[in-house]
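Next up, some structures in structure tokens.
Each of the next two complexes has subunit A plus one other chain: subunit B in the first, subunit C in the second.
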Partner chain A sequence: MSYLYLNSIWLLPFFGAVASLPLGINHKKGASLLSSVFLAIPALLSIYMVYAAFSYGFKPFITGFGWFSFGSTQVSVGILVDGLSSLMALLVAWLSFSIAVYSYEYMEDDPGTHRYWFFFDFFVGSMLLLVLANNLLLLLIGWEGTTLSSYALIGHWYADEEQRWVGDKNRYALGVPNWSTPSNSGVRAIVFTSFADIGFIIGIGMLYQVAGTMSIYTISQEMPLILTSLNREGLLLPFLFLFSMGAFAKSAQFPFHEWLVTAMTGPTSVSALIHAATMVNAGVYFMLRFMPMIISGAQSINIMSSVAPFFLYIAVIGAFTAFMMASQAFVSNELKLILAFSTASQLGYMFLAVGLAAYVTPSVAFFSAFSHMISQALFKAALFLAAGALIHEYSSRYIKDMGGAWHGMKWTTIAFLFAALSLSGIPPFSGFWDKDLILDLAFQSGIWPVYLLGVAGAFMTSFYIFRAFMLAFSGPSKKEIKEPGHPMLVPYLALGIITLLFGVIWPYPVNASNWMYSVLTEDSFVKLAMPPLPSFNVYSLSLSLGLGLAGLGFAVYAYLGKRELLDAQLSRGGIIAGLHSFLYDRWYINSIYYRLIVGGFVDISRVLETTETKGFDYFYNGFIPSALSTVSVKLRKAQCGSISKYLTALFAGLFMMMLIYALLLILR
Partner chain B sequence: MTPVGFYTLLLPFLVALLDLPLSRFIGPKKIAAISAISIIIPAVFAAYAIFSLGSYQFTFASARYIGQFDVIINGLNWPIIMGVVLVSSAVTFYSIPYMQQRFREEGREDWGTYFLLYTLFAASMIGMAESNNFIMFYVFLEVALVPSFILISLYGYGEKGRISTMYFIWTHVGALTFLSGAFIYGVTLHSFNFYPIPQNLSAVYPSVYVIMSLLLIGLFIKMAVFGFHAWLPYAHAEAPTPISALLSPNLIGIAGYAIVRIPYELFPVYLAQAQWVLIAFALLTIFYGGLLVFRQVDLKRLLAYSSIAQMGYILLGIASLNPLGVAGAILQFYAHAVGKSVLFSSAGVMITENDGLRDVRKMGGLAKKMPYTASFSLWGFMNLSGLPPSIGFFSKLFILLGIAYSFMGRGSWGLLVFALSLISLGITPAYSFVTMKKVFFGPLGNPTIKEGGLYFLLPMAVIAAFGLLFFLFPNLMLSPLYAYLR
Partner chain C sequence: MILTLLPSSWKKTSMVLGEIALALAAGVWAYSIYPFHLQLLESTRVPFGGFYIDGLSATVSLTAILVGMLVLPASNRLKESSWQFDFALLLGVAGTIALSSSTNAFLIVAGWGLVAVSSYSMVSLAGDRGSLTGSIKYAFMSALSFQFLVVSIFLIISSTSDFKILTLGMILFLVALGFKGGIPPFHMWLPDVYGYSDPVPVSMLSSTMKLGALALAIRLLDLSALALPIAYGKILVILLVILSIGAMLVGNLGGLTQSEVQRMMAYSSIAHVGYMVMALAVFTASLIYGVPQAEYYALVGLLIYFASYALSKAGVFAFIKGAMHSSRLTLQSMEGLGSASPLLSGSLLVILLNLIGVPPLLGFWGKLFIFASAANQSITLFFIWGFPWFTLVAIANSALSVFYYIRVMRSIYLPGKATGNFKYLSPAILSSLGLIILGVLLPLLLSV
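Moving on, here comes the complex of A and B:
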């Protein structure tokens, strides 16, 4: 394998970003083409990389040339290729390229094309760097690079025109606005994620303290020693929480989920790429990269019981996020919001799977998370891109303004339907295999609350997505609409079909097991036992599939020609309307954040301002100067010019001195 | 060693004195060019010293009871010299359109005086960075204070007479506290050298607590650490903007450098006893300065409070008391120099080009009319928040690595430090991007606004580029620095 070829996979998008920025100011088309070319080459190279990794047996392959050093630590620029990173890079590179093709038409008339393409390519470079990095420092650079470009692209339409908002104008929940403008959403995203990233960096610092290296491979080999040392100092759990904090925020897991909802103010292509298919998966990728080493390290030194609470925490947070976000998608009126809730919910399933690793066969749990991440990336990108076409055609982000899209957009309907079926976990789509595997594992683990939340989520998932599907595509045509042009249509249609194909080839066996499972675990540098995949548990399978079909059927029944049914219920008020508001206002969590955290900081800053003006400022710049001038006025009175007073003072002083001298003599 | 380093340090002082007579014959652009070149030359020599000689030390004077006066250049002050020179030389050109406007408002044009004072100010900051001796450091400090005081009182805004006096008095309170500590040190040792570490250093150990407290309080006042900061928002907000751009990152940051150079190097064992005090002040400063940023409506005052918070970062790095964190603190000086000078420059563009616009509430949506200023401001805030590809990424990283390194073996108190660092450092991206939103995004608040000219934008671009350069090639700064600290 050639170093240059492999490293140019992540380097080229950065060059594309730099090249397209000046070009895009005057030549929009040129910038689009140029930056797409800089994404096409990495996409092709990533195939080469997977092929090369395949012929190498997916053994870890590390390149690196020295970048800088401090003390004895060398930091290299280079990549780590193994099953996980090569497949992930393949996915990222191809999704980015296809969404770039989509954007070529979608962003055609946008005045800010140069900014768009600059941050688009910058994002892809950062994301590929994150995925391929051979050391923690490079990973962190990619990680924060995606944060930056996500911020810039969420706020792409920075003038905050009303059609770019999310949420309902003038709707307040507990006195907090339900809506968000693009510039506001950008701030929310970057504040949430970079706050958590500080924890991540402290975690890296702790790891570096113990391991003395930044190299991911070396860390993985020394994991037993690292864990022993952390465990001895009682720092194991604090370390795990801090180290993975960034991942929770990146993947929008509770309590860091709120930023992803409002991130939908960005262009839909950006939502598809960054906030559905790639960046938000970075947290899951992080988990898949580091948690296997932690499990295998903990197993080898017999401290599984010390790390288990952390995995339980991951599972509970994941299941809770999956459930909560699905319930919010239940009632949402905006197509993109439904998909955003759905993304966070699906990411919750992946976290659930990662968390189960401590309770079931770890390799199977990690594989189910990985497989679901790939499925989700494919079908969610398709859903978002199709949604972008719909929103564009109807000039509205509300599903209530849509309807009967089937009549004008047959291909879009098919793509959306395929993706929706996969999301609902209907066989033979890919979502079926991995979601059922996750729920099966939850069933096996015997952690019932987590299993029940997951199963309830599965029902809601198929309901909300088919609710959206029915509202948007069925019924009489509301407006004269047409399919978008090929650059937009082909990417999501292809993704819809790939979703189906991926599901069909999913069970294809290699070495008597699923092919992807073999790729991931067979030659991984993390030593985990790798039993064959379990066969499906009939009870668990029929329950989750049944609930999925039930949700689908219920949605079709409720919205087929009877779209006012639920709305009529709501307008009657009472408990259903209360529940509706609760879900619609995002469980009031956003409001609670603003009230408690933002409001708390505002209150503190008010107090501090008073401290500043009445305290420090007054003391230093008011009290001390005026005290000094008062003293000086008083002292000046002594300088009265009367010789007799001076003489009196002189003798009084002399007398005092003699008195003191006498006193001292006596005391001695 | 070659005396060239000493001559390069003298050069800007000579040029400063020449600026006044020269201004009768040549225009401001040429004077600016000459001054800027004279400021750049010391950095060129410093680069030569670092990369070719490894380090540099030249004794140009010595006296009994005083010690020797050396010009020193090594890994520790190399980022400081770079930061000072980069900002001061670029801002020289920025001064031309800015001061033109300011002169017009004040009704008298005097380029000679301006550049005399400006160059003196910049040159003496280089001098502070290259000093090895308390007396030399103090003399350069005075030479920096007087011109900056005069510049504020001549060309400042608002109640400039009162504010410049306040600035002068408070920095002198700091400087004299520092000097009294230095006197005890120098009188005991019969030498005022702090570098290289004197052989007979143990002679001061009986009074080390007094010396260290005086030095630290003095430097805390200079640095505007929480509780000692009351003078800073006035001075930095009301100074003419080119001077703010020099004052805010450079002059106060040098006090942070001095903490590393003097107490950290001389009395590491004793400083370690004060580690909890340092960390408390650092976190308080970050938290306090950061939260007060949200309360400001005046853009320059807002940036001034952010400078206080950034000084907390430097102190936090130092408080880790290990090479990782201290390297982070020194890098933070440079990152802050890049970030804050660009931000003050952006604020200056708004003031000059838009009739003294400073009120954040009257801004909004400016990115549409000022795309370059908006981009540079974003870059400035990225440096402060530590986002790649800015050098601020490395400074924040190393500060946190240092904190993690020092505090992970300290039980629950250590974890408390982690938690408080998390909260305090989380405030910086919040105020940065909230300010970006208030100023540049949203509906356009001020339709008549216009972008600054080339003389404004080019210096900002140069400063910004040097922030990227040291991110791409961290070895240029980090290797000598880290090698020195170990």
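Moving on, here comes the complex of A and C:
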């Protein structure tokens, strides 16, 4: 039976985008409904797709249609359905749908809803295409589609009103502004990700050159050959670095993390969808799709030692990002910024897990990354959506302006609390299981720095999220606030509850985790050894759990009632204040980028501009015309009107010709 | 063929009769080349007592006849005595036909004389002061050059085995050609005559009176290049190249800063002759080096160029006549003609584009062939370090000429209050349509 119609999963949102645009100008609510319907259908279909994959035993199958051919390659448009892609598509489709429902109410007063819905659906279509693509070209198209819509949605409020900014106005770090406007943030997002995409595209080119095909399935089958030829040319490591560069930027890993921070200028629903739950996960999906192939290929031809440095690099970057971003969330004053840092930090954990695949059992490592990805998507989306409700109610993005939300928004408090507990890694929530699995693997691998960074990050994670929780929800109420309406409330409440449920069923043998585990590794084309999931190492388990609780307790103690205490102490001066500024200004990285890279390019362009205007421009439009006109005027003066002079000229010409004749005769 | 002399005393009748005569001549020509279709070039010569009928003479003669037919009605715009003008015009056409078709010495001299006399009489018949002074200058210099011509023909004919005399004769001929065609440094009369005389005779002058001389040049160069040893032949080529570049530069640079349109067009004539002499140079060089490809292209290009140039110049000067009111026509006084006479201004636009060499018009093809022929790798004289410098110089000059043509085009379409009186002039101006049609059809014809 043909599963061709499953392609509509990624096609329908595009139709929805186009259809809702003309409608959205006049009938806002109608457009919202239409867009959401076009997201609901894929969500339902994705369930069916998982079933279809299940009926194939989760072996990959491709369904699609031919598109064009260049050279000897036939590029097709179609989807690759296996355990990984179907589960991811399920996640993406349902999250998108629930956030669409949330947006229905959240964006109802906004004047630009038609643009919003167009890019929202466009994004979902691109993301689904990315996840389901059966060849590299299609994946790239989806990839870039998400970049584009991310830019548009981040800069949605392009009029740059001050309340839409991120950062503190009038605060400078090393001469560079700390704040960012929506339009600026949009450009930053596109620049960071597109810059890294250069590497990605080069990588695709190299892969195509060596493999001769764009099809992911074929590449996976031929991976040993591909790796061999790359290794022979000495290009293996460069290839790996370039190919995955795009993924690093998309998932906001160091040094490409800056865009995610300022991307919070977009509407909160956008932040939830794109920058917490789906787009940034594209990088992780990329890793999960291709790294297993690389590991199994390398193992089969025994070049693991050549490939291992790359995985070490991934692990180190992941751990470092996790630590660095958590430290920045530590001191942040804006609710959404805390969550943004948190997202990048959790993504760091996922990358850490992927990197560890070269040092522990690969299948377990990949599984832990996948599981954490799902957990993070769930609780982070819940956190963002709840944050959106809070910001909307308090009309301010700073947590200092919030407080006592518990009194008016009981359900929101519960949802936020559940998600926060999951993020901190407290059982029985899902975040506990997979974060601990990752830390456990780090411990096993024996790479101490990475383990220590991860553990420190765990402590900071629970601290910062509960700091936010206490400041926003506890204490006396500052304003009259109430719960948002159902379309907004239900999605994040549901997500909060799901993260609890997910955590509850995680550890049981016949259940989610094992099933996912088998799904993932059965997936295919990668014959990875599949030992049963290890039981947890008691020491590391207690260490991380203890730290999580410690962070929680510390935060509660510091902020319950005595709200301003800690922050006031910090700004009093000395080393602590310096450290505080360092963290608050994002480790000065943003400033360094601006002064070095942006400033550098500005200087180059200034030099070029001078060359152009004073050099070329003057030459063509100034120098040449004036020179020729002078010659012309002088020439015309020869026409004096006197016949005798003309006749003289004639004879002069004659003699000149005679002269030349004679000369040439002599010379020849 | 030479039956074109049927003048009469009444104004309108003379025009009508003249047209009939020209039409008859055209008919006779068409009949005589019919059996050979359009495959002729100089290669197949049908001797007819020193009178050749081949591609060269057919093209030049038909062009001359056609342009004559176009300009003839314009004689009604002259102040007085139009029938003498018609007479002179027809004489000039006859002379051109003779020049282009013969290698008989007497016929050549007679033809050249006819052309010369008819030229300056046409100019003087216009009657106004500018024309009179122009015609005197022209007559003087024409007399001198005529002597050069006679001497050169004599030398060429009598040089049976002596190369030096043949070369000398060729050089003297080049002087005469230079005068007639307006090649620096023999061109000094041209800006004054073309620029200040009444445009009606100038339109005939500038278009056709050169063609005969140039056709003769082709025949003479053909003969001498084959007769001379390589060293001498190269000298000729070098001289031709110098003349050509000189003409291009003087023509284009001189016209660059002109604000009087008629004088500007005079300089442009000089430049165009430069391109034609370029074709002559390539033609000669290809004969010396033995490159039939280049020879073919140069010749074909030159013939196309003859036709396109003649039609264009006739149209341009006719337009100027129509647009000028008092004496001098400047760029400024032309503003607004675009809206006043849209059809004719559009035709001028096309004509100017043709002079620039814009595809798909005829002028483009002429330039293309001529420039391409000079870039032939086998003619090493035109190559320095692998660059066909001669072609590059020509292209640069062509680009330079765009400037002043565009200024004219621009000023026509600026808003203004100029108006024109184009009675009897429209045939010449509307010849632009012929240029378009010919230009589009040409590739089809050539591939046959």
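Quick note on the criterion: the second predicted complex is superposed on the first by the 603 of 668 C-alpha atoms of A that agree within 3 Å, B and C clash if a C-alpha of one lies under 4 Å from a C-alpha of the other, contacts with A are read in each partner's own complex, and residues count from 1 in each chain.
FYI, a contact is a pair of C-beta atoms (placed from the backbone, for glycine too) under 8 Å apart; a residue touches a chain by one contact, two chains touch by 3 or more.
All values reported here derive from a predicted model rather than from experimental measurement.
Judged by the touch definition given at the top, the superposed model places A:183 against subunit B, while subunit C stays out of reach.
Shared-chain residue A:238: touches subunit B; no touch with subunit C.
Of the two partner chains placed by superposition, A:659 touches none, neither subunit B nor subunit C.
Once the two complexes are overlaid on the shared chain, A:198 sits against subunit B while remaining clear of subunit C.
Shared-chain residue A:174: touches no atom of subunit B or subunit C. When the shared chain is aligned, subunit C comes close enough to touch A:650, but subunit B does not.
Of the two partner chains placed by superposition, A:627 touches none, neither subunit B nor subunit C. Comparing subunit C and subunit B on the residues of subunit A they touch gives the larger count to B. Once both structures are placed on chain A, no subunit A residue is touched by subunit B and, in the other complex, by subunit C. The touching residues of subunit C, when paired with subunit A in their complex, are 136-137, 140-141, 144-145, 148, 167-168, 171-172, 174-175, 178-179, 184-186, 188-189, 191-192, 231, 234-235, 238-239, 242, 250, 253-258, 400. Subunit A meets subunit C in the complex at residues 628-629, 631-633, 635-636, 638-639, 641, 643, 645-647, 649-650, 652-654, 656-658, 660-661, 664-665, 668.
By the touch rule above, subunit A contacts subunit B in their complex via residues 67-71, 137, 140-141, 144-145, 147-148, 151, 155, 158-160, 181-184, 186-187, 190-191, 194-195, 198-199, 201-206, 208-209, 233-235, 238, 242, 601-602, 604-606, 608-609, 612, 616-617, 619-621. Considering their complex, residues 166, 170, 227, 229-231, 234, 288, 291-292, 294-295, 323-324, 327, 365, 367-368, 382, 385-389, 393, 396-397, 400-405, 408-409, 411, 415, 418, 421-422, 425-426, 429-430, 433-434, 436-437, 440-444, 473-475, 478-479, 482, 486 of subunit B touch subunit A.
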